[in-house]
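Order as written gives the chain letters A, B, C, D, E, F, G, H, I, J, K and L; numbering starts at 1 within each chain.
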Amino acid sequence: MPATAEMTDHIYKILELVGSSEKGIEDAIQNAISRASKTIREMKWFEVVQTRGHVENGSVRHYQVILRVGFTLEE
Amino acid sequence: MPATAEMTDHIYKILELVGSSEKGIEDAIQNAISRASKTIREMKWFEVVQTRGHVENGSVRHYQVILRVGFTLEE
Amino acid sequence: MPATAEMTDHIYKILELVGSSEKGIEDAIQNAISRASKTIREMKWFEVVQTRGHVENGSVRHYQVILRVGFTLEE
Amino acid sequence: MPATAEMTDHIYKILELVGSSEKGIEDAIQNAISRASKTIREMKWFEVVQTRGHVENGSVRHYQVILRVGFTLEE
Amino acid sequence: MPATAEMTDHIYKILELVGSSEKGIEDAIQNAISRASKTIREMKWFEVVQTRGHVENGSVRHYQVILRVGFTLEE
Amino acid sequence: MPATAEMTDHIYKILELVGSSEKGIEDAIQNAISRASKTIREMKWFEVVQTRGHVENGSVRHYQVILRVGFTLEE
Amino acid sequence: MPATAEMTDHIYKILELVGSSEKGIEDAIQNAISRASKTIREMKWFEVVQTRGHVENGSVRHYQVILRVGFTLEE
Amino acid sequence: MPATAEMTDHIYKILELVGSSEKGIEDAIQNAISRASKTIREMKWFEVVQTRGHVENGSVRHYQVILRVGFTLEE
Amino acid sequence: MPATAEMTDHIYKILELVGSSEKGIEDAIQNAISRASKTIREMKWFEVVQTRGHVENGSVRHYQVILRVGFTLEE
Amino acid sequence: MPATAEMTDHIYKILELVGSSEKGIEDAIQNAISRASKTIREMKWFEVVQTRGHVENGSVRHYQVILRVGFTLEE
Amino acid sequence: MPATAEMTDHIYKILELVGSSEKGIEDAIQNAISRASKTIREMKWFEVVQTRGHVENGSVRHYQVILRVGFTLEE
Amino acid sequence: MPATAEMTDHIYKILELVGSSEKGIEDAIQNAISRASKTIREMKWFEVVQTRGHVENGSVRHYQVILRVGFTLEE
């Protein structure tokens, strides 16, 4: 979805991931991307599709995010 | 919406809540769940439907989240 | 969904209602809210989710609205 | 959401439920409604919001449906 | 979309119409249904898909509604 | 919506239907299509837009589906 | 969104407005357009994005509409 | 969906069509409209609901568009 | 999308599949999952995105489902 | 919506425009952007929200696109 | 979208903004609003339309939010 | 999403791609498919999810499309 000039000749593939964290939404995003970066090197951007979580005894136990992640096919 | 094996024989009810906080989005989520947990004990998960807030003199005064919260009917 | 300053410390619950009227859309909204106000006192706002109706012999027989209604949990 | 003539003077409340079944989608619908009918007597219609399920060893272990259920407030 | 018992054995067809009126939204709905009833006799219900209109010199000149209208195939 | 090679030179028209059944979702789909096939011969595919139903005494009395059905204009 | 022949060579800009009224939905639409017409002269059409309102003591206190309004850039 | 003054007293019917072309998107739109114009004379506007196509050996074999087409009922 | 406690430290990947069956919707779901399980071992849940099918001589010839399927990246 | 590194410190404003052309979709996009560029200099990207058009005597008379256009506030 | 009593006689305009931050989602919201407040004084509320970001070497480089911001026209 | 008879026993996987072109929308679609066809042989159909682009000095610099592409798992 990026639209800057230097990207004209790139083709992206979009991947959907679910990440989670006990700390917060940003940490759940980072966890999903860190884990996926072990096998996918050229991730460029993400988009949050859904934010949710787990509740235990009236407290948020962890946050969960569903991400669409774009990476270049050239690598 | 949870879909794990040990939950096969549960029926959930979904409730919609609005929570708010001056600190941030995660705190607004927790506030809604803490308040609702006074009368609903078996809350299991939530989903953020909308994130919004109030602005005063060019600063975010507080955040507001609309949540769908699932809890078991068995209790 | 309201976002004004004096509401910072409120938690809302959202309820979904269906109201109807032979007169018009505004009257169907008011009917749903009047009926619900017998058991729910602190209703604050509504949002129209769907507008529909019943036809008989080529005339609108009545209007039907689906509303999401927000009320405070404090009462 | 029903819109027939004899329903003109009814107000409905809509409830969201999650039901599940190992047999199939229709059975998951019926399970949610049977369970809820213990406390809510005047359920009139439902609408399937989402169909999902749990997988174990490459087989569907159970189906899960999210329903919006309408019932009259008069009773 | 009606779901009452006496309708179990009916098949409906859904038609999409645009109606307009200088007076208001309910009148635009009625105009579309009146006009269509000249050729379609068994219309049973409608649903408003969109509400819009035309502006002239800072005033609403007329309202326009897009309706989905259901009628039985039996006739 | 089909997109296979031999269909390049076809124009489809899409029709919206509501079918119902006491037995289940697949039977409601088949009922709508059977009934419509009396007047429309070249139906090729369908898409389920909504699944809903009627409840009586805590049991599903019948299922209702809204379908978009495509057929060729050539016949 | 209008698409008539004489408009081929126009470029529209779309503005989003919120209007309100104690009287009804049409009046809330007119109020938003009247107020905006003080600074924007060439408004041509509107579309209702959302209809909502405020409740006080079980009565609708006022209606609120969110509009998308199109106007020509030529003036 | 047009909303110009001279159209105040028209009622439109909306039809959904699928057209296709090996050349491009505009040609697929025109093909659907040309074919439908053999039986429907007063088509006034269209809206593209979906754009898709068929792939063969890594090349787009043809484009397919789903259109909503509006025409006046007066003729 | 699962949100239970024991899943806190998992990252899921979501895959989209299309399955079909002449028997029914549940069988089409199972077919897609069985086929995919040959190469993807840790599938945990699915969500039905669309239900559709093929019609031949006025009968449903087969059902088709589009699924989003989640599996853990750990394996 | 662009998400590249060199854009970290930019704030964008999004504007909605309607453009049209007798030639085709790309030309309608370009017309809207050319016209708007007379008063807005720093437009960076666009997104097509809707594609529609006008029909005359069974031919597409012109195409119309609704665009969301992003531009930097810094200029 | 606010719906409280003291706002009955206000007309709001809605603006769409994109903000970004290396720190987190709340900071990206605040950045967009701070920057816009230099030219728009009476901003009252915001709604998050989309949350996304930029990835570099497997880490989130910055967060990006798209906001709809409402402000009164009276000033 | 294809639904023709000869496809009954196929399972499809859906992939999401972003392609771009300086020439136009059809060319951006073809570029994404050509590039992906180097590693995925049995692509059968695509669906355009979003159309957007990059603007430079008031001109469209390139078009960008997001596609969902279906291919058979059998090969």
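Brief remarks follow.
Here is the rule we use: contacts are C-beta pairs under 8 Å (C-beta built on N, C-alpha and C of every residue); 3 or more make two chains touch, one makes a residue touch a chain.
Quick caveat: nothing in here was measured; it's all calculated off a predicted structure.
Rounded to the nearest 5, the angle that brings the Cα atoms of subunit F onto subunit J is 120°. More than half of the contact pairs at G-K come back, by residue number, in J-K, the repeat among J-L, J-K or D-F.
Centroids of subunit F and subunit G (each the mean of its C-alpha atoms) stand 38 Å apart.
We define each chain's centre as the mean of its Cα atoms; on that basis subunit A and subunit E are separated by 44 Å. Chain centres here are Cα averages; for subunit C and subunit E they lie 22 Å apart. The multi-chain contact residues of subunit C, meaning those touching 2 or more other chains, are 1, 3-4, 7, 15-16, 25, 36, 44-45, 50, 52-54. The residues of subunit H lying in touch with subunit L in their complex are 24-25, 50-55, 57-60, 63. Residues of subunit I that touch subunit L in their complex: 15-20, 22, 31-32, 35-36, 50, 52-54, 56, 61-62, 64, 66. Of all the residues in subunit E, the ones that touch subunit C in their complex are 1, 25-26, 29-30, 33-34, 36-37, 41, 43-48, 69. Those residues of subunit D whose C-beta lies close enough to touch subunit C in the complex are 1, 3-5, 7-15, 68, 70, 73.
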